[in-house]
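One chain, subunit A, links the two complexes that follow: it is found with subunit B in the first and with subunit C in the second.
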Partner chain A sequence: MSTWIEVCDKNDIDEEDVIRFDHEGRSFAIYRSPQDSFHATDGHCTHENVHLADGLVMDDIIECPKHNGRFNYKTGQAKGAPVCINLKTYPVKVDAGRVFVQVG
Partner chain B sequence: MSNRGMVIVGAGETGVRAAFALRELGYRGAVTLLGEEPHIPYERPPLSKAGGEAETVRAIVSNQSYGEAGISFRPGVRVRSIDRSSHELQLEGGENFPYERLLLATGATPRELPGLASQSRVHVLRTIEHAAAIRRHMGEGRHIAVLGGGFIGLELAAMGRMLGAAVTLIEVQPRILMRGVPEALALALQERHEAEGVVLHCGITVDTIDAGDDEVRIRLADGSDIRADALVVGIGAQPNVSLALQAGLVIDNGIAVDHHLATCDSDIFAAGDCCSFPLPIYAGRRVRLESWRNAQEQGALAAANMLGASQIFNAVPWFWSDQYDITLQVAGLADGATCHVRRTLSPQAQILFHLGDGGRLLAASGLGVGNAVARDIRLAEMMIAKAATPAPEALSDPSVKLKSML
Partner chain C sequence: MARPATKRDYSLLGRDAQAAVANGLSAAEWYHTDVPRKQMKELMKREDAPAIRDTAIWLGAMAVLAGLGVFFWGSFWAIPFFLAYGVLYGSASDSRWHECGHGTAFKTMWMNDAVYQIACFMIMRNPVTWRWSHTRHHTDTVIVGRDPEIAVMRPPDLLRLILNVFGLLDAWHATIDMVRNAFGVISAEEKTFIPESEQPKAIRVARIWFGIYAVTIALSVYLGSILPLMLVGLPRLYGAWHHVMTGLLQHGGLADNVIDHRLNSRTVYMNPVSRFIYWNMNYHVEHHMFPMVPYHALPKLHALIKDDLPAPNPSILDGYSEMIPAFLRQLRNQDYFLKRALPPTARPYREDLHSDVMARAAE
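Entry: the complex of A and B
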């Protein structure tokens, strides 16, 4: 059974930005889009073991800080070389101003 | 003629990216990738970095990807000459190979010291074989000497220390990274190397090098002697132009191409470390870059233009280097900068912005632990591409988001 894990207050993430969230030995990246929606993916790039929370969010795209590999953080889709493996995404909800992720 | 197909000479970062880009762009004809090295194409950056995967070779793409994409990859094949009039390559061994359009992605070769090229304890670094030979000298109780305080020399020095070897680094210039990195960052890096135990000799020339059976002796101009198990020479690389030269193409610090990456023969393109090209964002200045991202971007753009696209190459130069837990990133070309503005992100992370005439942002260099500078360097790169003139006060104030200045 997957449960909802509390991440942070919604204002802890700037608009069009990303933060790191660690939970039980796993690491995630939590995003706030320019449209004010919240999203979650695995924390590390699928190219090398580099955390995406140091990367740049532009619209729907997270760009990896190491070699600029790009993913759509809403779908997890890898957008081309050097990254070819998609990112795993996780459901996110906002409840009373708090952000929750279902890590399953 | 169209059954001849697209042929790429050189199966490095550039050639591989170009081959796949041809397919991604929908090209259906034959794509052939000819590479002199006997291996499946691999990443070079890990060769000089002490990462977790130090001993494993990192393939650029998996072996089966070539077949799946319908790319004919032929390892261990050296192209000897090009016959431009018949549109044919002569391969080592005698085979003739026709092409419709050709991409030269032949890369570069490390400079060696005259007279020392074939000594068993003197190494350069470009290939897997070189890396394996150097790594044998990197353990506890070994002493490795590095000549040249450029990126490869410094990364190897860091790797040597991390693997427990004693390291001595010799740089003839007054400081490390004289080319391409501002003094403030180079000195910060230099301090870190010294703190890690690297013995640095800057601003001194080498008198003699004796490579014996069990050690290398390096005599410096001040009379001091360095005895090491091996010497690694990291004094830059030269573009591989012999094929282009033989074919009568124009050479100018590499195979000269125009802003479409075409050589003076419109059916032959060149890209990556082997070519020099004009860069419109810097007033058309001709440059040659040795950087991983440039290899990828030029490979992809050359592929598009081989198919008739006429795209103009105008990317902001960018590269990174990893030493210990530090990453250095540089975007743009700082030459011609008249003003340098510092932004301090944390005690361990700083960025220098290099502004030119009229306050235009020309380049940004950042040094920090992990990927601390990555985001701001990326944003700076976008500003450089737009020829932005950001306010120096805002650049120096870490509480002003660079994103808000785009």
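Entry: the complex of A and C
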């Protein structure tokens, strides 16, 4: 069953940035876009075992810190070599200034 | 009693490749200096302006030098213009290929892609094959059997190094690879790092290049002059020396099979002209540790983290003065390498994994 998990205060994530969130043995990347929307994906790049929270957020794109592979973090779409497999995304909501992610 | 030197198997399909996967050296977690997130974000920030400026200078200078070379063709006055043109074609393309392949030179992706394609053609590196080989180089930097871009294997092949100062072996192999790919053949080794979905792209590029070279050669035959080849193709040979000179310094003579770039990569202070041609890749430890940082921000990154890195070589000459004796010694003992001393302010990393390698260096 899907449940909403509290991640952090919304101000814990800078605009156009990403943080790491670990929960019950799983790791996620939580994003705040330049438009002030919040998003979540799996934490690790689909190319190699590198966490995206050390990467660079540019508009809708997260760039992996190891090989510069790029994903659209809103849709999970892989944007080209060296990433070929899309990222899994998760619903996010903000309630009373707190960020929640729905993990299944 | 000294242990016998370890014979290395550099094949991507060989014994050492399997061993690196089995013992955790492959796809390992590498050391990173701690840099506060805000500073790192500032360093990683992309811009178009520096690379547009540098690309305009690069291609503009090539056009002027080529024009003067053609104008003076047949006289000795053409020589200096072609020598300079050759370095911009056969050496500056190496760093442009590299930086645009990372996608960090420009903020605008199509600009990275456009310069990447042009530079790949000049340096004769298939843009698909080499994108994937370089990805592996960053995953498994100087891990024997895993890294397809080890420039100097042990024992060093000094004749190969000398021939490549003029691009002879590299260009020859690149030509063979291009023809093979143009005929639709992807080698077994290439298949280890190029995903199947990407292989047709490598073949398509090889066919386009094959066509360009065929037209250039035909034009030379038609004109009865090597001038067209002096402009397209041959500069990969007569202008290669600078990228070989700088490229060997990246990892030459240093440790292999470690997972700390401070031990297997070299930062060298260089003159401004070489840094322009090389696009600041002289900050090579910094580049490997943080490949997201664009070339124009590497000096700032270096200033920020240098207390956690080995002392840089103060000059190209100094780099060679330690590297050449190391190559000569590796002819007798493959296990010998230059052991990098970390400063007292540096954090050590995975000494458990590296202690055996270091012990061999001391023998």
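One rule holds for everything that comes next: the second predicted complex is superposed on the first by the 104 of 104 C-alpha atoms of A that agree within 3 Å, B and C clash if a C-alpha of one lies under 4 Å from a C-alpha of the other, contacts with A are read in each partner's own complex, and residues count from 1 in each chain.
The rule is simple: a contact is a pair of C-beta atoms (placed from the backbone, for glycine too) under 8 Å apart; a residue touches a chain by one contact, two chains touch by 3 or more.
In this text the structure is predicted, and so the values were computed from the model without any measurement.
A.B. asks: Touch test for A:70: subunit B only (first), subunit C only (second), both, or neither?
C.D. replies: Only subunit C is touched by A:70; subunit B is not.
A.B. asks: Could you look at A:3 and tell me whether it touches subunit B, subunit C, both or neither (first, second, both, neither)?
C.D. replies: neither
A.B. asks: A:49 contacts which: subunit B (first), subunit C (second), both, neither?
C.D. replies: So A:49 meets both subunit B and subunit C here.
A.B. asks: Could you tell me which stretches of subunit A are touched by subunit B in one complex and by subunit C in the other?
C.D. replies: Shared contact residues on subunit A: 49, 54-56, 63, 65-68, 81-82, 84.
A.B. asks: Can you name the residues of subunit A that touch subunit C in the complex?
C.D. replies: By the definition above, subunit A touches subunit C via 17, 47-49, 54-56, 58, 63, 65-68, 70, 81-82, 84.
A.B. asks: Show which residues of subunit A lie in contact with subunit B when the two form their complex.
C.D. replies: 16, 49-51, 54-56, 63, 65-68, 80-82, 84
A.B. asks: Taking the touch rule as given, give the residues of subunit C at its contact with subunit A in the complex, in rising order.
C.D. replies: 27, 37, 40-41, 44-46, 102-104, 107, 128, 131-132, 135, 138-139, 195, 197-198, 290-292
A.B. asks: Can you name the residues of subunit B that touch subunit A in the complex?
C.D. replies: 17, 20, 24, 52, 61, 292-293, 296, 300, 320, 370-372, 374-375, 378-379, 403
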